[in-house]
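Each in structure tokens, the structures are laid out below.
Each of the next two complexes has subunit A plus one other chain: subunit B in the first, subunit C in the second.
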Partner chain A sequence: MSSWKEKPFGFTLIFGLVILGLVILPFFTELYYQTFLTELFVWILFAISFDLIFGYTGLLSFGQALFFGIGGYTITILTRKYGLGTEPGLLLCILIPMVFAWFVGYFSVKLTGIHFVIITIIFAIIANIIGDTWTSLTGGKDGLTFSPRPFRLGFFQINLMDIKGNYYFVLAVVALCYLILRRIVQSPLGKIFVSIRENEERARLIGYHVQRYKLIAFIIAGGLSGLAGGLYSLTLKYAGAGYLHWSVSGHAVVYTIVGGMGTLIGPVVGTGIILSLEHYLVNFLQATDLVVGIVLVVMVLLAPKGIVGLIQSRRKKGKASA
Partner chain B sequence: MPETNSGILEIKNVNKSFGGLLAVNHVNLSVKKGELHALIGPNGAGKTTLLNLINGILHVSGGNILFNGQEITNLSPHRISHIGIARTLQITSLFPGLTVHENVWTAAQSRKKFFNPFLPARRWRDVQEKTEAMLELTGLKEKASLICSELSYGDQRILEMGIALSTEPKLLLLDEPTAGLNSQESMALVKKMRTMLSGQTIILVEHDMGVVMELADTISVLHYGSIIAEGPPAKIKENEEVKKVYLGTEDA
Partner chain C sequence: MELKRTKSTEKGILKKEISRRDFIKTTAMGAAGLGIGSWLTVPFTYGAEPPIRIGMFNEYSVFATEYGYWMGKVAKTAVAKMNAEGGIAGRKIELFDYDTKCDPKWAASMFRKMVLEDKVDMVMGSIHSGVQKACFPLAEEYKVPLFSGGAMTYEFTGKDAIPYYIRNHSHARSQALAGWKWAFDNLGKKWTFLNADYAWGHSLAREFGTLIKAAGGKTQDIFAPPATADFIPYLQKVDPDTEVLFTAFLGTAALGVLRQTVEIGLHKRLQRYTVICCTEGIGQEVVGKESIGAYYIEYHPRHLDQVPKELHPYEMAYRKACGVDENGKEIGNPKVTIAGSHMYSMWIYPYQIKLAIEQTGWKNRNNNADMIRAIRSQKLKAGPWCPIGDLVMREQDHQGFSDFYISKVEPDLKLKVIERVPKEKVMYPPETDLTKKI
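Let's turn to the complex of A and B:
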């Protein structure tokens, strides 16, 4: 992480090149890959929002699925029932999950360790049950389908029913969120989050209201997880209670650990690798989860700081010996 | 007993019981501005418990604690920190995965009112300067980019004091800074403390009598949760009761 910080120009260059590559990619690929990449971007946003609460603040939240699912329902229900446009709809995909995150967080951040993990799972389970049974609102087990309205910003308009349009839209939103999160983790507030992860007691002793900052991290992460859920529904044109299931949070856990927690680039790399692996394996293997599981176990045992951590320590060693 | 209302910190008739055990028993203590006030006593005498009561890690069972005349009894530790009392712990408490610089920085920025989430932290020049000054003062400047768990144990103790000092305290609570150090390291730490902490008001809990006699202006002796003697080092040395309960047991 420090090497990124020291060379902001290096980051701008790499970030710019990656985005440029992704912008021109649809001109050379089939629609099929664009759909895959759009979903990949969504999961990247989900993973980096999870990493803010887990990798940076040190809280293993399995509640992110709750916010993801609510984000999906938000855009779907508002568009279907109330004909709301995509622009206010997406804004509410952040704000409504934030309100839920405030509520869940209020009870959760008082707990530490395994107790925190369990209470976030419980909240997600409750939400999943409500989503499954409140058929008039959520469509129950079938879920809800809808047709997203085009996204408008001044004269600018994107048709989200179009796969390519959807691709660009999700790419833009996720890239923007990445930059915002990067700002946050490098800000004084981000330093507080990290200090809580490193030593809660010490953070408290130097004057930080630890619970308040945990709650702030939880609300920010919840809002961005909700936005990821909203984007996912825009892509699939569907929302369902399945996305509220706590195990959906497990995806983010896997991507983040494999890629490298406590960095933003880690979850991006992890999501890319795992989803590509699954995508490839599914052609000739049914048990893709098994392979992912093995990858996870190997990573945890051999490289607990993930792929990015591995590369960083290599670099550091190289520098030290040079 | 020194007269009340003269000290920066006034502990008045404070009790702490754990179940049936009275760990701190009607303690009265007054710490004057600028003095180094040592708390000594055998293991289990209630020294650390008393520090924990002062900075809100534990709640009192009875009594009052005043700081600059303001009631601070049972406030939470983060509020105590902002009121001006800093603390080091018996078991070193740092941010282990962060660099020495980041450790100090995190404490140095703690006096800010608003933590702008969209401002890069490095733009806070005043915090940067404060951090540099503290690294200079602690003598850890050369090691600033090391992960703090890579520091020697003695350096870690100094860093923890640096972190505490970075919160600009008016009163510093030091809980056995020389715990776990050999006598040579202890001497080095004491020397460092003399320069780092000059002018500070300090409550020092310490087992090493050499360190206490060297540094303290006033000594209070705790025994089974009660203060049995108080006075300048020379007087405490001669106190018969103290010899019996504390120094005596050490000699035996």
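Let's turn to the complex of A and C:
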């Protein structure tokens, strides 16, 4: 018997039900939960974009914060200083980080292992320093605030200053990105990414230009991370140099490891669990990061493939014994 | 062995069978008992209006925790005292306290949580200017006043001011206006700024530098990374004819720069000058003997005997309530030094809120605009709730003004006040007019 993953109808049904649930949820929840879920969607997008480069291609990049931050600054600066609308602004939130990802990736993907990790951290640190010190452009440590313009698509218009409007808008964009990423990882291109992760030498011997494919994955992930940054800025109406700090990439690493890397649903689950845990715990204690750290350690020790990986391996074992 | 839940086992455990009537009777009696008990223990009148909810966030982790500790402690003390005295307009005050983690993203989330989930009526705290800036759009969106804990970016009550932001403490511009003239006349006319290479350091260099140059003085700017450990390469760049070396760093870098000026003998040929923010919450004994002879701008004296005599009764009561001794140490924990030039803001805000609520008849968040209008026009006299002396709020930009102090580190490591700068000298023309917006 095949799993729901292999059944397009099964996925469509579950995905549709989840989206439907999220669409009707605002009618039954308070505004705070709508803002919380909006932030959750943004971090899900950031985590699944990171999963493409880490979980599917095997590159542990701490440079995703760079693209997240650039995306955030792109929409903020273009709206605030040049009066650009949200639609072209969001498009540039993808394109500009993609250009930066191409530049960073050009140097980074030639390296492997710890050297790749370090060079991506260095690029993020450089960007963070520039963000901190180029005050006239970035607002420095204080950052920049702005008022998002409505999103217009023909006669259709969404007021992004409205909490519910912003919720639906971010949900729609993130859901669309999830479907696009799912299509990518299931396509032959996605299989090449996985083959590079599994055995880079073999992929090269088969005839694939490994560096080129790594760069492609890096650019796609960079563009989506930029979009996540842009959506985050639209939600908070703020962008700051802190977005560029390499530790922001750490969020995606944690969410992906906890949920399960190499499965798009894994980062979704990981983001949901960690953020919900943080927002619940903050009512009782200040040191929420400590608990998140403990969860991470436990997950790495007990379920190195994450929650989804654990469930999948249990199901496989069950089938094998049946 | 698994215990099956059956009627007989329940009977066994409880010794007797429970009928539906027994259950309803017992539950009703319990509920009535609890209701009467809670009514008797409530300190406020039964049927009183709901509590006034104040949100607070401070830096309790990551960085600047010595500020966060004192800001939080003082605010909690002030609210407890106010509640003990009958609350505000007969209503109890509830404080909701969160950590900013020094992260604007997280702090903005907490601001939303406080406003939308905890239903706070206003928010106060944080010395992190990035945190405050990130909350500006939210404060405007929800029309919730944001009271600055200690953010020093002067533009927040200048060109970037928003109607829902209130600041009763100093900032980079008022510090420069308070500190430049006395030092220019008494310490020297050729200044070098060796400051942290980020917004705060640049802001201080710019504000002081503009005044020094306008008065015919000479300035040199050197910026070093905020976490610099070795200052020798930077100190070697200091112009040989420099008379005043102004430094602005936080944390260990603030201690390092003072120590290394002594190591290379710079302290013998120039005067060292800084703002108390650099070593706030850090005992002078930790800074070390290398700080002897250095000058500080304080916004409220650390040592009780340096506080102006007429403020002593208020200051003593304020210190006693907050658990602070005459040397600015925490009572029972002398290793902890107060953030005395900053924490007073959190003592005064609850009082400002109280006055505004009682003056306007404020009921809930819908009346926040009235509260803002009342607070921005307040002129507080020195008293138990305003131990720093008179505090004047300015209507146009929501900025507060109070006296400043210039102190020198004595051989016994005490910060001795040598000049009191009246608030009138630090009042600059407002750069905005918020009265047109709210």
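Some notes on this structure:
As a working rule, the second predicted complex is superposed on the first by the 318 of 322 C-alpha atoms of A that agree within 3 Å, B and C clash if a C-alpha of one lies under 4 Å from a C-alpha of the other, contacts with A are read in each partner's own complex, and residues count from 1 in each chain.
By definition in this document, a residue touches a chain if its C-beta (ideal position, glycine included) is under 8 Å from a C-beta of that chain, and two chains touch if they have at least 3 such contacts.
Being a predicted model, the structure only gives us computed values, none of them experimental.
Once subunit A is used to superpose the two complexes, subunit B occupies space next to subunit C without a clash. By the touch criterion defined above, A:81 reaches neither subunit B nor subunit C. In the superposition on chain A, no contact is made by A:110 with either subunit B or subunit C. After the chain A superposition, the centres of subunit B and subunit C are separated by 140° when viewed from the C-alpha centre of subunit A, nearest 10. With both structures placed on the common chain, the touch criterion links A:152 to neither subunit B nor subunit C. Of the two partner chains placed by the overlay, neither subunit B nor subunit C lies in contact with A:315. The superposed three-chain arrangement places the nearest Cα atoms of subunit B and subunit C 34 Å from each other.
In the superposition on the C-alpha atoms of chain A, no part of subunit A is touched by subunit B in one complex and by subunit C in the other.
Only residues 2, 5, 180, 183-184, 186-192, 194-195, 198-199, 201-210, 220 of subunit A touch subunit B when the two sit together in their complex. Contacts from subunit B toward subunit A in the complex involve residues 55, 76-78, 81-82, 86-87, 89, 93-99, 102, 105-107, 109-112, 115-122, 124, 127, 163-164, 166-167.
On the subunit A side of its complex with subunit C, the touching residues are 30-32, 35-36, 39, 132-133, 135, 139-147, 161, 232, 236-238, 240-243, 279, 282, 286-287, 289.
The residues of subunit C lying in touch with subunit A in their complex are 60-61, 98-99, 101, 103-105, 108-110, 112-113, 116-117, 129-130, 133-134, 136-138, 141, 153, 197-200, 202.
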